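In the two complexes that follow, chain A is the common piece, with chain B as its partner first and chain C second.
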Partner chain A sequence: MIELDLCFGLLLLILFGLLSLRNGHVSLAHIRFICQCWLVMITPLEVQDFALCILTVVLLQSFHSFEALLFLLLAYIGQLYMMHSCNLVSFYVCLEAQTLCVVVLCGLLARGASTSFSVEAALKFLLLSAMVSGMALFWFSAMYQRTGSLDMVGQETFWILLVMLFKLGVAPMHMWSVDLYGSIPKSLLLYLSTAPKLSLFTFWASSWHHDFSVGVFILFSMFIGSIGAYGQPALRSLFAYSTINEIGLLLLAVETAGFHTLYQHLGIYIITQLLLWNLTDKRLFALCAVSLAGLPPFAGFFGKAWIFWHAMSVQAFSLLAAALFCTVLSLVYYLRVIRLFWTAPVHTAASFTGAPNQTTLTSACAVALAFAPVMLVKPFVI
Partner chain B sequence: MFITLFLLTFALSLCFIPESQAYTVRVWCFVATLLPMWVVTWMWWNFDASGHGLQMLAILGRSHLAFGIDGVALSLMLLTTILFPICMMLLRTVAGFMTFILLEVLVLSALCVLDLLGFYILFEASLILLFLLIGRATYGSLEAAYKIVLYTMAGSLVLLPTLFMIYSECGTTNVLYMTCASNHQTVLGWGLLAVLAVKIPLMPVHLWLPEAHVAAPTAGSVLLAGVLLKLGGIGFLRFMLPVVPEFCVSVFPLVSTLCLVSFLFSTLSTLRQIDLKKIVAYSSIAHMSMVTLAIFSQSEFSAYSSSFLMIAHGLISPALFLIVGILYDRAHTKFILYFSGLGASMPIGSTLFFLFTLGNLAFPLFPNFIAEVLCLVSIFAVHELLAYVFCVCQVLGAAYGFWAFNRVVHGLPRGPADVTRTEFHTVLPLLNGSVWLGVKPMA
Partner chain C sequence: MFFENSAILLCALLSIAVGYTKSPFMSLMYSVMLFINSSFVLMMLGFEFLALVNLLVYVGALAVLFLFVIMLLEIPATELRAYSRGWSTLGIFVFVVNGVFQITPSMGPRGIITGLPGAESITNLGHALYLYFADLLILNSLVLTVALFGAFAIAPVRTTGR
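Now for the complex of A and B:
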């Protein structure tokens, strides 16, 4: 069975890591490489799983302690199984596995001066997600008592929706993401802004059929994401709000059942996030912000345009109008970022703890993909 | 068309060579902008002026992206490629050169693209460049930059869903095939009108123009007035009239009211301005409102007259901005009360200023005169009362023109130095163009 293979492999990996790290001959880079290979080997060959695998492989590159790698692998397993779960309990267990790994990582990756920030972030995230998950568990058990089955199909699934929206950072429940984005180290920020969203949206798109309209959440997310960033002094919280805005857009894509547009925009968004937090060149950062803002000719425009187009074709006019309006609102703070980063004096950036080769790798592949909208224009114009 | 685009991208890529010598970059960029001029002149030579359709079509295989030109676009492209070398002569920083070369690529493609989505993408892409140009640190104004981007973006985001609606209805956004949009005319028309009314500024959404002109560098103002406003005009001619003609007819009362108000308001606003560039900027709004009215009148001469007025305006307004730029170079202010008596110390400059002011208020022997007469003819064919009102209000153009001229040139001399040879040669093509077109207008 695959699960046994997986657990066995993970166990071997843990043993290997622990023993060889004491040895001193095996460096962390080797262990990291083995972890990445293991990830690729255990992934079944479906597209979304593979995408998550590639993403995690790339993200693993930026972590520097063995425990962090382990927790990421555990979180990956949780996400992998969550994306295909059909059962309430399996969904809950996998979601919790993923969440708690992230919580521990928040506290674990503290270094130096930012220790208290990271611990505070971990605590906030833990408490809020524990509350939401507790409520979800209560609902699941009430449903079990009522219907006797734990299948996801054919049940009232409102609480799943709330739990998922919380983890995504959708607007009425978005406070944790704003605080968290500012406090966690960069590698974890990369992870947090990309991988859970990918897995949750995959779960939503492929395994779960929701009966409810998330229109309220869309409107909330987009308005709060557009307006909340206006006075933010910190770059991280500004982009946390922009993330909330983008999640609102992705929810719009889900709402209008345009899953292909969802994945496209999500892909572009993830690449832009990877690029954004890895760059040292300020002008490229400004270009990234242009892409996020949705200005042509960069790829972000096409992601948004696809979503709007699909919303148009299913005639969700009011949501579309709100989305367009909020795009204009959010353009203001993106313009502020663009101006600040474009005309900033280009001095040599302070050396950060990520290895230079990983930055160039991420930046290179991300630049190639984020600014080549030709691939996306082609389906448009044919 | 293709050749132009490839030339420009070639020039652009060669500009990527990090030249720290500004002089080499300058020469290279200037040469790079002269090439499209020759190409467009060649295109003009090959153009068959008796045909009615689009010529030199280049349809990229199996996609909807198509490029082609008609008479209006060709003349505007010629204007663009003449204006860009002039802009290149005015620029000083490498960043400025890069911005302008990119802008030239975008504008030339926008003038000849036949695909509405392509047009949208191209003129949106120019927005961020304009933002960086206008919002630059020292002499620019951030507020003006925000205004231009947000106004245009808001208008274009109204266009975006209507664009998708055309696509889902006709299967294409190529204007050659887009005549089937008969049952969604109103929505489509409003979308197009929203963005084009911001671009070619009509009354309620014209507020970005004066501030953008003041804050932009001289080359930027030349570009804005000479070229970018015409994008709105060609948007109307190429995308609105063929696709939603019934909407154009039904919205004519509203548009004509807006144009009239625009014209009166901007013309009268110039009398209260203290900034020389704002005076010229407001006069731009006035001219473009006349253009819009002529387009929407859809009479026999309308396309011809509006395109001719666009070209005439594109020669005179940049020339005026150039002269204001010359004054600004001398005095580092555009405050009109500061300048007086320039006639004594800058004879050549004041002569040029005089000639272009005459052009601005549509004096005979200048192309503006012929163009405005034709526009009035085309409006007259549709709405006589409006044409009467416009005829009378033309006099107001003389009011601000001579008022500005008087304040600047006459009076006690204060003595900035006269126009240098470089600057004169910068203005010379425009002077030549306006005199030639004024005396011998051609298609």
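Now for the complex of A and C:
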């Protein structure tokens, strides 16, 4: 079993790290390299596995403590198995694996002055997600009691869907993500906004069957995501609301059953987030904002255009009209970000606070966002 | 059938009483009686392992924990705030409404038999934990380790932090 091999490998990595970091010649960079090698040793079966593996290899680069690497690797095992699970028990165990690791990382990565913020974030996230997971367990047991199987059939799927939407940060249940985005360090924010969403959406697209329309959540997410950012003074909470907007759009892709558009837009969104939270040069914020707003020369436009095109072909016209309206509404606060970061003179030398080896990643993401449309423009040209 | 129904009704009455008394100590005593009653009902349903584990965990660990908390905190004013604000009356109201309108789900037709036929509940539990879900058991043990040590990690560090 692959999962047992991964767990055993994780235990060996823990022992290796603990025993070899005492030596002066072994630094954290070596351990991190071995962790990244461990990640690529399992042959990915599908493209989403491959995406998660590459994403985690990239994300491991921003963490600077040994325990953080171990928690990320355990969360990786949980996410990998969630993407392939078709049983409720395995879904729950993998969900708790990744959630608890993120909670502990919130509290663990406190540095000096931001300790109370991190503790507050960790406690909020822990209490809310633990209560919601408890609710999920209640409805799992109700489903088992009624049907005797754990294979996701029946009318209790609505309540379990609510739990999944909470973990994604969908609008009536979005307050935790707005609070959390301002309080955690950038590397963890980068992880939190990309990897759990990838695994949850893959689980939803491959194994989760429900009869209910998520239209209400789409409308809530898009309206709150486009209007809520207007009062925010801080850049992080502004991008938190833009994330809620994007999640609403991805839910629209799931609702119209356009799973190819879902993965397309999710991939572009992940590259944008990787660029956004890894920046050393502030002018690239403007590039991210243009891509997130969905303006034409960059890849964000094509992600949204594919989703809207598919919604039009499925004839979900009312949802499509609401989505277009909210995209227009959200454009204005992106323009504010663009104005702030492109036209203002970059006179602070303190903008180069990131580690020097992040420039490869940042420039790769910027190039990807600028030139990926070449590969995405084909359905619209014919 | 009257005996089982009255045992379950006693469960309901005790759980109302937990929230409806003024003193925390009586609330704890009612909850201990509720745990023992629930273990009794589980035994009648045929879940003998679960009944014993219930007694062990709920009465032996949780009720003792609450008792120590009440003892050590030395709550001088012996009136619970939930009582004085009326929340427990709201709870009774919801319970009565549920009895009339049946909002929470009830048991459906039990025609599906899962697990090994003819085996006791502990055999089914062993089959599920160590044979069917064995890989999840190991993953879950790592998750529980994270939860255990994570409680220490979240606690604020008084010195320079990590």
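Basically, the second predicted complex is superposed on the first by the 359 of 382 C-alpha atoms of A that agree within 3 Å, B and C clash if a C-alpha of one lies under 4 Å from a C-alpha of the other, contacts with A are read in each partner's own complex, and residues count from 1 in each chain.
By definition in this document, contacts are C-beta pairs under 8 Å (C-beta built on N, C-alpha and C of every residue); 3 or more make two chains touch, one makes a residue touch a chain.
No experiment lies behind these values; they were computed from the predicted model shown.
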(request) Would you mind checking whether chain B and chain C clash or fit side by side on chain A after the superposition? (result) fit
(message) Just checking: does A:S65 make contact with chain B only, chain C only, both, or neither of them? Give me first, second, both or neither.
(response) second
(request) Check whether A:L324 is in contact with chain B, with chain C, with both or with neither, and answer first, second, both or neither. (result) first
(message) Applying the document's definition of touch, where does A:L74 land relative to chain B and chain C: first, second, both, or neither?
(response) second
(message) Applying the document's definition of touch, where does A:W309 land relative to chain B and chain C: first, second, both, or neither?
(response) first
(request) Using the touch definition from the top, say if A:L335 reaches chain B (first), chain C (second), both or neither. (result) first
(message) Nearest 10 degrees is fine: what angle do the Cα centroids of chain B and chain C make about that of chain A?
(response) 140
(request) Tell me which partner A:S116 touches in the superposition: chain B (first), chain C (second), both or neither. (result) second
(message) Between chain B and chain C, which one contacts more residues of chain A in the superposed model?
(response) C
(request) Report the closest approach of chain B and chain C over their C-alpha atoms in the superposed model, as a whole number of Å. (result) 43
(message) Quick check on my understanding: which residues of chain A belong to both its chain B contact set and its chain C contact set?
(response) none
(message) Going by the contact rule set out above, which residues of chain C touch chain A in the complex?
(response) 105, 107-108, 110, 112-114, 133, 135-136, 138-140, 142-143, 146-147, 149-150, 153-157, 160-162
(message) Using the touch definition from the top, list the residues of chain A that touch chain B in their complex.
(response) 290, 295-297, 301, 305, 308-309, 312-313, 320, 324-325, 327-328, 331-332, 335, 338-339, 342-343, 378, 380-382
(message) Under the definition above, what is the set of chain B residues touching chain A in their complex?
(response) 62-65, 115, 117-118, 120-122, 124-125, 127-128, 131-132, 135-137, 142, 145-146, 149-150, 153-154, 157-158, 160-161, 164-165, 167-168, 173
(request) Can you check the complex and tell me which residues of chain A touch chain C? (result) 1, 3-4, 7, 10, 65, 67, 71, 74, 77-78, 81, 89-90, 93-94, 96-97, 100-101, 103-104, 106-112, 115-116, 119, 122-123, 126, 142, 145-149, 156
